[in-house]
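What follows is chain A paired twice: with chain B in the first complex and chain C in the second.
Moving on to the complex of A and B:
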């Protein structure tokens, strides 16, 4: 770190020499009210660009036909209730959303549980070869779904799991990232607390429930949000392995609408209603738990 | 370190590790091994596999369609990485510099982290639709004929923009954290000495943020190669004339439209090598920079 800082200082020294006159006015402008005039409009414009597509989506989901060919057409309509009702009831989004929710909750709970187990063994047990096991788990970072979905498809078929909830949950349960984040966090719990627990003769189950979990609340919430967003947004694997519409998840539900709307058999306002529904759960969780989420991300990078 | 190791029952440790190890073995390692094995066979649906040695790999090496898919993926990744890094860096800097409303700006910029790629794709399909799109009118008034259902380069750009849009949130999260770690003293000296704002970003902040930026370049590259399937599938289906046929989509089609499991397994192995190389680079860089951190 110190070396980086020195390097930065050197660069900045040379920057100062070449830059002295040109930027003087702007630099002094960073103090006081001038700041506002430069940065806020830029942020409004850029943040506006990032929000704009979703703003359009929400507006169109309230309109009758979804034909919006110019900016002045972007006024909210009065068909919100009909559109959302039709998406949920007639086009199966009630069912799709339920399947997605079930899948995501099973993945989050399962992954969290077995990852806490694994991280606890790696940090708190004095047993041989545990570093090898940790490497074995970490190495799975090299094996994401895209690398193995073809043989996985064959394996799931051989097990007779295709088209089932098992197929879209169990293969996701092992998580190198989660074990890694939890291990890092466990290593930051003060040893004094751990030693006290040992002196008190606390057993492993009690230690996990009464010491480890309460000391890790924020991280557990953070990884849960990361895992939920990841699970909810899965598209490729459910598309391949789930055949019947009744068992399908909401991401692929959107794909089913796409064909109809391109063929002109369906109103865009309905597709946009489906999109809003599909976006809401992960977005709500992220906004609600943004603090623990951001804290957990800083652990991940280490 | 060792004071944390308060338990020593091997049986308990085994039980705690067993679920993660078992799932990894059955659903991660085994299918990968199967991909390596199948890549040496001629194999399709309801057909007994026959051993063909390196034939599948040779066919990839000599296939001009596969070469163009590789080229498109590399170009796509390069554009997405540069686009995401520069736009996120500038946005993070503005949010870092702003005096009020930081929390609101941050949320309005990082929310696409939660955005499902399928939703992002459909929204882009709608707002850039050649006949129905909201932005089609404004864009065509600039003298550009919007015809990306038939125009390869335009389709490439639309998929790229959608992919960049979705990834900005994740990048800003990490960049803001890195910028907040920069000592205030450095910023103050720079300001007092009259270094302009943009110059401060490029000459002072970016060098200090190098470890974070390297990490994000690797993550974004992996994202561009593998997590953009939904964009291609929903926006272009790889077309027009394969202009957006990136490797992951090409692999999907080989396996589930043409049912060539042998060739598609060889393609899986190629993707495995891509991930492995990227991860190795990241690991090396992290090692290198941990010396500075120590």
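Moving on to the complex of A and C:
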């Protein structure tokens, strides 16, 4: 599979290099000398491999029992409405979704705010031992949240934050990755722009809000999408720290859908309906903001 | 209107000394150009004036106000940068007014009036609603100038503002800057590495090298009476020819020729010509002629071998060898010269310079240096 992917990538790259004869190739059905009849099926195959499980998920979520054993089982069933209604209404999945959304938004907004301030301080201010401070921030990447679970659990309990929104958002607010990405972006903004602002007497707050943030819009959006997906997919920590079902998030909620039918037959169709619902918000964001997302993670020239 | 004074200004970056104790005063309303090779400290000097760098030692004053440690925003200077430094997400108008809003010292009508005025002066009225991406380089620089003008600063500081423009546009903008300065008469310090820009724009030109001022003079004086080898070689294109000679009894002696040095009208240091000493003879390419072109200059025993000829259209640049050294001279266009041939060379005796071999300081110009041009004083005091 990886071999196939690499092969396709190589072909695509060689095709891009010879992009100039694109006009001519349109007529002949080739793209820069590569036969489209060869490369397209390959790409379709790869895309299909990735999409297939999601496709099965969607199909199963429309069935009564949701056991797929043969090809005809892959036809959509007629229980779609019933399954989704049951998940959302009977199992309170809407509540989980709302909690997840709240958690993700708080994390994203908090992360961005803190990171913009931090990156701004690192790039534009003369802080003693600035590089050491930045290295220390990067160093925290070596200690991801799961490593800190035990002391964190203790701390949150001591603070009396357990089973609350604070418990699942605050530990995630500081982000070395975001600081790093923003720092790199700020460094690519010409210093003369900063100096012009200084000469004009533009204060730091005005500079941040009216110059720095608008000039970093696409990076901020790109980072937000990544961070949102990351926050949305939190599972282990909410599972540990959140006790009441009313405060639970959707990733853990999925588990509850499944756990409820421990007795005998596991209702896969219900679990899949929950999965599809859980998948939708990040997917929508990805589709909506794919352009700034790609821009953020390509090398920029200013 | 403002005068700027630098007193023993010094700037160090760690171990590197970028500016080594400058003393300079910029007159009220003057267009002063600082020119020098890269790394000579000219930009640092400008940034010190702007307050973007803090001086290690020395003082800067504007009029009689000491501003050495004043914040950039309190100096009331406007800076124009090489890369324009326009905010990419703002329209031309917003770019111009952004800084004005910040200082809070202008009313809305005042801002509108000033923007309209500046736009009119710079002919950028139709650019005001465009964003920088939709402007050409020249247009962007005009908007950047507009931003500098509207604030009515005490001084303009320009850091190679034309370097990013193409050759044709640069010449056009050069003329426009001169016109603008004549109109506004604001004290301007302009930094460039391009000696043509320095010569055409500056009322006075400061030549810097290695963190030190080499010479401060009006352009023509700089060209005619360079104070040292560095200035002589830096100003003028093609550069001045430099030949090692021995001065004996008022004659410059080289293996290939003997040039008698005129004493009459030469500056007073010509007394030194009596003593025998090693020196460097400087003569500009346009002051050398083919003997056949200028019979009026008399006979010489100066011959040179032609290496290469470069037709420049209005003249022919000839690279020749004299002994081991290479010199350049200008000949009439379409002169029938073949590489490998020998030519007899003559020179303008009024345009010879001698430099000390050790220090590089000029100790002889074959005509007396006139006192600094009076016309400059006049423009300054108007």
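Convention: the second predicted complex is superposed on the first by the 256 of 302 C-alpha atoms of A that agree within 3 Å, B and C clash if a C-alpha of one lies under 4 Å from a C-alpha of the other, contacts with A are read in each partner's own complex, and residues count from 1 in each chain.
The rule we apply is simple: a residue touches a chain if its C-beta (ideal position, glycine included) is under 8 Å from a C-beta of that chain, and two chains touch if they have at least 3 such contacts.
Just so we're clear, the structure is a prediction, and the values are computed from it rather than from any experiment.
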In the superposed arrangement, which partner chain does A:141 touch: chain B (first), chain C (second), both, or neither?
first
If we overlay the two complexes on their shared chain A, which of chain B and chain C does A:271 touch? Say first, second, both or neither.
first
Could you tell me if A:230 is touching chain B, chain C, both of them or neither one (first, second, both, neither)?
neither
Look at A:206 in the shared chain and tell me whether it touches chain B only, chain C only, both, or neither; answer first, second, both or neither.
second
Looking at the overlay, does A:151 come into contact with chain B only (first), chain C only (second), both, or neither?
first
Once the shared chain is lined up, is A:289 touching chain B (first), chain C (second), both, or neither of them?
neither
With both structures fitted on chain A, tell me whether chain B or chain C touches more of chain A's residues.
B
If we overlay the two complexes on their shared chain A, which of chain B and chain C does A:161 touch? Say first, second, both or neither.
neither
Quick one: is A:193 in contact with chain B, with chain C, with both, or with neither? Answer first, second, both or neither.
second
Overlap of the chain B and chain C interfaces on chain A comprises residues 195, 197-198
Of all residues in chain B, which touch chain A in the complex?
2-10, 12-13, 15-17, 19-21, 23-24, 26-32, 34-35, 38, 87, 90-91, 94-95, 97-101, 105, 107-120, 122-127, 132-134, 136-138, 165, 168, 173-174, 177, 183, 186, 190-191, 193-200, 203-204, 207-208, 210, 212, 215, 222, 225-226, 229-230, 233-234, 248, 251-252, 255-256, 261, 264-265, 268, 271-272, 275-276, 279, 292-293
In the complex with chain A, residue positions of chain C that touch it
50-52, 72-75, 77-79, 81-89, 98-100, 102-103, 147, 151
Where on chain A does chain B make contact in their complex?
1-5, 7-9, 11-12, 14-16, 19-20, 22-24, 26-28, 30-31, 35-36, 39-40, 42-43, 46-47, 50-51, 53-54, 56-57, 60, 66-71, 73-74, 114-115, 117-118, 120-127, 130, 133, 136-137, 140-155, 170-171, 173-175, 179, 186-187, 191, 194-195, 197-198, 204, 207, 229, 232-233, 235-236, 239-240, 251-252, 254-255, 257-258, 268, 271-272, 275, 278-279, 282-283, 285-287, 290, 294, 297-298, 301
Touching chain C in the complex, chain A uses residues 190, 192-193, 195-203, 206, 210-211, 214-215, 217
